[in-house]
Amino acid sequence: MIAGLPPKDKNVPRRRHPVIESAPPRLTPVGEALAKQISDVLSDFDVSITAELDEVCCLVRAPDVERICRLLKEGPLTSMKYMRLLTVVDYLEDEAELEVVYHLYSLEHHHKMMLKTRVSDPSPEVPSVAGVWRGAGWYEREMHDLFGVFFQGTPDTRTLILPDDFEGFPGRKNYPINEYDEW
Amino acid sequence: MKQRDTLDTRAAKGVPGRTVDMMINIGPQHPATHGVFRMVLTVDGERVIDAVPHIGYLHRGSEKLCEYEDYAQIITLFDRLDYVANFNNELVLVMAVEKLMGLEVPERAAYIRMLMCELNRITSHLLFIGTFALDTGAITPVLYNFRDRERIQALFESVSGARMMHNYFRVGGVKEDLPDQFNERLESALSEIEDGVDEVDRLLSTNEIFLERTKGVARIDGVSALDWGLSGPCLRASGVPYDVRTEEPYLLYERVDFGVPVGSQGDCWDRYYTRVLEVKESIRIVRQIMCQMAPGEVQTKTRRIVRPPQGEVYAHAENPRGDFGVYIVSKGNDSPYRLKVRPPSYCNLQALPQLVVGHYLADAIVVLGTLDIVLGEVDR
Amino acid sequence: MLESIKGLVVTLKAMTQSKITVEYPKQHLPIQPRFMGFPALTWDEARDEPFCTGCMVCVRYCPTQCMSATMADNPKFADGESHRRKIIDQFEINLGRCILCGICVDVCNFDAIEMSFEHELGARGRNDNRVDLAQLLEMGTQYQAQSGWEQSKPNGLSPNEKSIRDAAIKTADSTRIESSEPQDVR
Amino acid sequence: MSLTWLERKTLARIQQRVGPSVVGPHGLLQPMADVLKLVTKEDVIPAAADRVLFWVAPVVVVVPAFMLWIVIPFASGLSVRTLELGLLYLIAVSGIGTVGLLMAGWTAASKYSLLGGFRAAAHLVSYEIPIIFVILSVGVLVQSLDLGHVISGHTVEVGGQILRMPDQNFVPFAAIMPLGLIVFFLAGLAEIGRTPFDIHHAESEVVGGPFVEYSGAHWAAFFLAEYMNTFLIAVLTVLLFFGGWSWPSPPTSWFGTDVPEWAVRTMGAAWFMFKAYLVTFAIFWIRGTYPRLRIDQLMAFGWQTLIPLSFVNLIIVAVVVYYHWPTWSMTLISLPFILLLWRIIGRRSRGIDAVSTVKLMDKSELEVTTLSDDLLVADPSGAATQNTEAR
């Protein structure tokens, strides 16, 4: 950032634009069937199922994540063998929570879904899913670097993309990005 | 892998002499790491017994930066992720935003996007074949492939005005229509590229030494490839026919006919040859697009400042390196609230330790070559 | 073994074909008409002044913040020679920061900035690539001459475009105080 | 020196590039510019290196490379020294260079150069053996170790019988023992570290091997030695197998008038050099075409293929010479072994159809296929078997 320009305020729209519309959910029939299946499969857990656009979105409690993931991967109805993406979204400012999002996909059934869980700040801990999908390992390390979410039981806890002595969690919204001198 | 003799076990067996495992640091500056990638290999003589990849040397915080930029500006950042398949990256971003806004793209614009993406797939794979040959020690194919790649790059320049960082796709279409005489130039370039690909194929693909170096090296089976989250040619070489273009067809891929090469061994040679065949298939797709394309609009009317509604969206497409995805959380502002990229080379690179352990040092380089990483995308 | 000999034949054949590289400093490959080099400011021959009114829209949309501009009252407007009320006063682009994305050209309402054919630029220092208004205009006129450039958004603006332009001028006026100095980047 | 120019130009033409073109006409003076640059460059010695050995290593490599040229005859009688044991001398001196490479690799205190040095030692020593055996079989054939005799033949007395040993004026040894030629050329390529066998300075793995830490004049010395050796292998190939200066022999008379002795010699030497440059060109051509072998494959090829074949060659020559069989019988006996070598090298691309492992699945085919387990290669155990076998 150049000194002199005011930092852009990210939450306030730049111009007067009061109406913020939401994208309507547009689930396909396959997606609706999946939503039903998931509510059956995960009936033992505390789950709330919604939809974002065309994806089934399923919010669970953080301690259940690993068991749910294993169930989703190994259950023949879901068989989410492929984990596309693991990420963290920072809602600390508004809701004082971090959201961990897993994007799952099933090659057999062509099902796709988002699995979400929420953790809050003093101890943002989620069980690791690196034992379920090995590909999750690096994502977990990266998210720990950037957001400070701790994944319990992750096989490797070293930093991945930041230097070892880096302080703070630069992915979070409250990380002061304008307060350093440009090289 | 069999139990390795360590100093302790040797001492216990009373074997005289000491052998010490050597740690070799390959990278961040090394001719074979294709960028600033570093791996620490522990070798016993010439055999790799442990590999630790280190990434982050090119970490530019793109995802964080996206939270402070307009959607139009983010396109320029996406050019710089996978910097040999720029069009494909741009495509995924604009597709995500369009999906969020529920925007339809004019037919011609969709065809132009497909055309550019397929051409970019060809350039990217040509670069892979060349650099991979360089990794195995053949110094000529890389220059033949650069020759052919150059022909497409010149076409890109005539379309978008830039050779690599195009900034050509827009939310709702593309920047401008194809230039005059594009078809003729494309056709002549394609036939030359076909010849060039055949030439390199003859030179390299079935060369005994090349087969010797790549056949049966670093095999990975389909189940663990899925487990590691591999995608693209690396996954297909292991026998899993997962291609986003057929799995969840986007743009107008339903209208073109093409084949997807699927390997059966999951070794380095399959990963290589999958890409060679993909180049040929891409040329086929491009020919079909040229036949099907009709004149028309290339841009839907959008506001100058793109402001998608609130919501979350995940869009993905088949990049040369695999399944490239973008996850956008929008709060209805000019900028995304959170943007996360699913970089295929990042996922492919994760499997590196499993692939190289037990092989020779020279194989480690070859395996890294077949994973075809682009560090701009791995580190973001 | 046969395959190896096939490879030797391929390379031998290539040896007889023509060279494809050129000797760069002596010889240049042709530049495509749409080539995007560094941005430059265009010159309005009819009124003998730049097209640029210093509205700062490019400055605000630049993803790398490589530009800075100030506007001034146009003396020719007072004389009635020009329809532009405001005119560019100072303009500076740090070409070392420019990423050649062309967003400034897209957003410009007056065709005042164009991506020129200029692309060979070397300097010894990190910020030695800064160019000021005079150099930008020189690059621009050169580009206009080379490319046979024509104004695509003629001066007879539609009422809609006019209002956009006026709004742009207004916002530029209000931000003017903040960044009237050429920004210093260490 | 002209070799660097030749190499760069050849590679450039193979790769459809221009190559050196600025210094001198067609870049002919480029080697001079290179030398000037390298000599004036700062000679960096790493802090952790053993300074003395580090300094000596290039000398150890260069001196034998020069010493070898003492016995090479460029035309009849035109050599620095005619040694009766010339071939033995060649074998003895050429082994010293390896020590220099190992010294360079060891003393530079760099892991890359250490690996490179070890690789150099391992593969140079093992490829020395087939070379020695082929040279010996030439010695057996001509019953002399004098390089001059190899070309012009001579008479020996065996058991009261005066025998005229074969000379290359009429038939070059390439036709008499083709197996020897092939083994010698392949082993020679390995001995000088040229492309399919250039593992000790493999750029993509050990980034230059023993030379990583060298710069300036020291580095230049290594490369001088490298090119000297390259040319030496070419010269030896011509000398031992293609009749040196004499096959096909330059005319001694021209339209009835006798050509003076010096002119014949000059023509012979020029002819010799021309042939040597052709072989050098072939070496560079191969460099522009092939990938590089891995160390285990390299050692396997050396020990399991070349060394037995060089033994076979020696035995064939010995038997034929002992029983005074006609020389063409040697060619005939060699042929099956050449076929064997052909099949050993080509075994990868034969047998299994290499290309068939990757199938093109049509789009429509993919749409109906759901992922089933038989599509997955469930053979994780096969991952490293290939390599352990080779070891």
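We just call them A, B, C and D in the order they show up, numbering each chain from 1.
Just so it is clear, a residue touches a chain if its C-beta (ideal position, glycine included) is under 8 Å from a C-beta of that chain, and two chains touch if they have at least 3 such contacts.
The model shown is predicted, which means the values in this text are computed figures rather than measured ones.
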Chain whose Cα centroid lies at the greatest distance from that of subunit B: D
Pair joined by the larger number of C-beta contacts - B-C, B-D: B-D
Whole-Å gap separating subunit B and subunit D, where each centre is the average of the chain's CA atoms: 39
Distance from subunit D to subunit A - Cα centre to Cα centre, in angstrom: 59
Distance from subunit C to subunit B - Cα centre to Cα centre, in angstrom: 32
Residues of subunit D engaged with two or more neighbouring chains: 14-17, 288-290, 345-346, 349, 371
Sites on subunit B at which at least two other chains make contact: 140, 144, 147, 203-204, 206-209, 224, 240, 242
Subunit C residues counted as touching two or more neighbouring chains: 1, 3-4, 7, 10-11, 14, 20
Contact footprint of subunit B on subunit A as seen in their complex: 8, 10-11, 13-14, 17, 20-23, 52-53, 55, 57, 81-85, 87, 89-90, 101, 103, 107, 110, 112, 114, 133-138, 159-163, 170-171, 173, 177
Complex contact set, residues of subunit B against subunit C: 69-70, 72-73, 76-77, 79, 140, 144, 147, 150, 154, 157-162, 165, 167, 175-176, 179, 199, 202-204, 206-209, 304
Of all residues in subunit D, those that touch subunit B in their complex: 11, 14-17, 111-112, 114-115, 119, 195-196, 198-199, 202-207, 287-297, 345-349, 354-355, 357-364, 366-367, 369, 371, 375-380, 382-387
Residue numbers on subunit B that touch subunit A, as the complex places them: 55-56, 59, 61, 63-64, 67-68, 99-102, 224, 226-230, 240, 242, 247-248, 305, 307-314, 316, 323, 325, 327, 329-335, 337-338, 340, 342, 346-347, 350-351, 379
Residues on subunit C engaged by subunit B in the complex (per definition of touch): 1, 3-4, 6-7, 10-11, 14, 20, 29, 32-36, 61, 63, 99-103, 106-107, 115
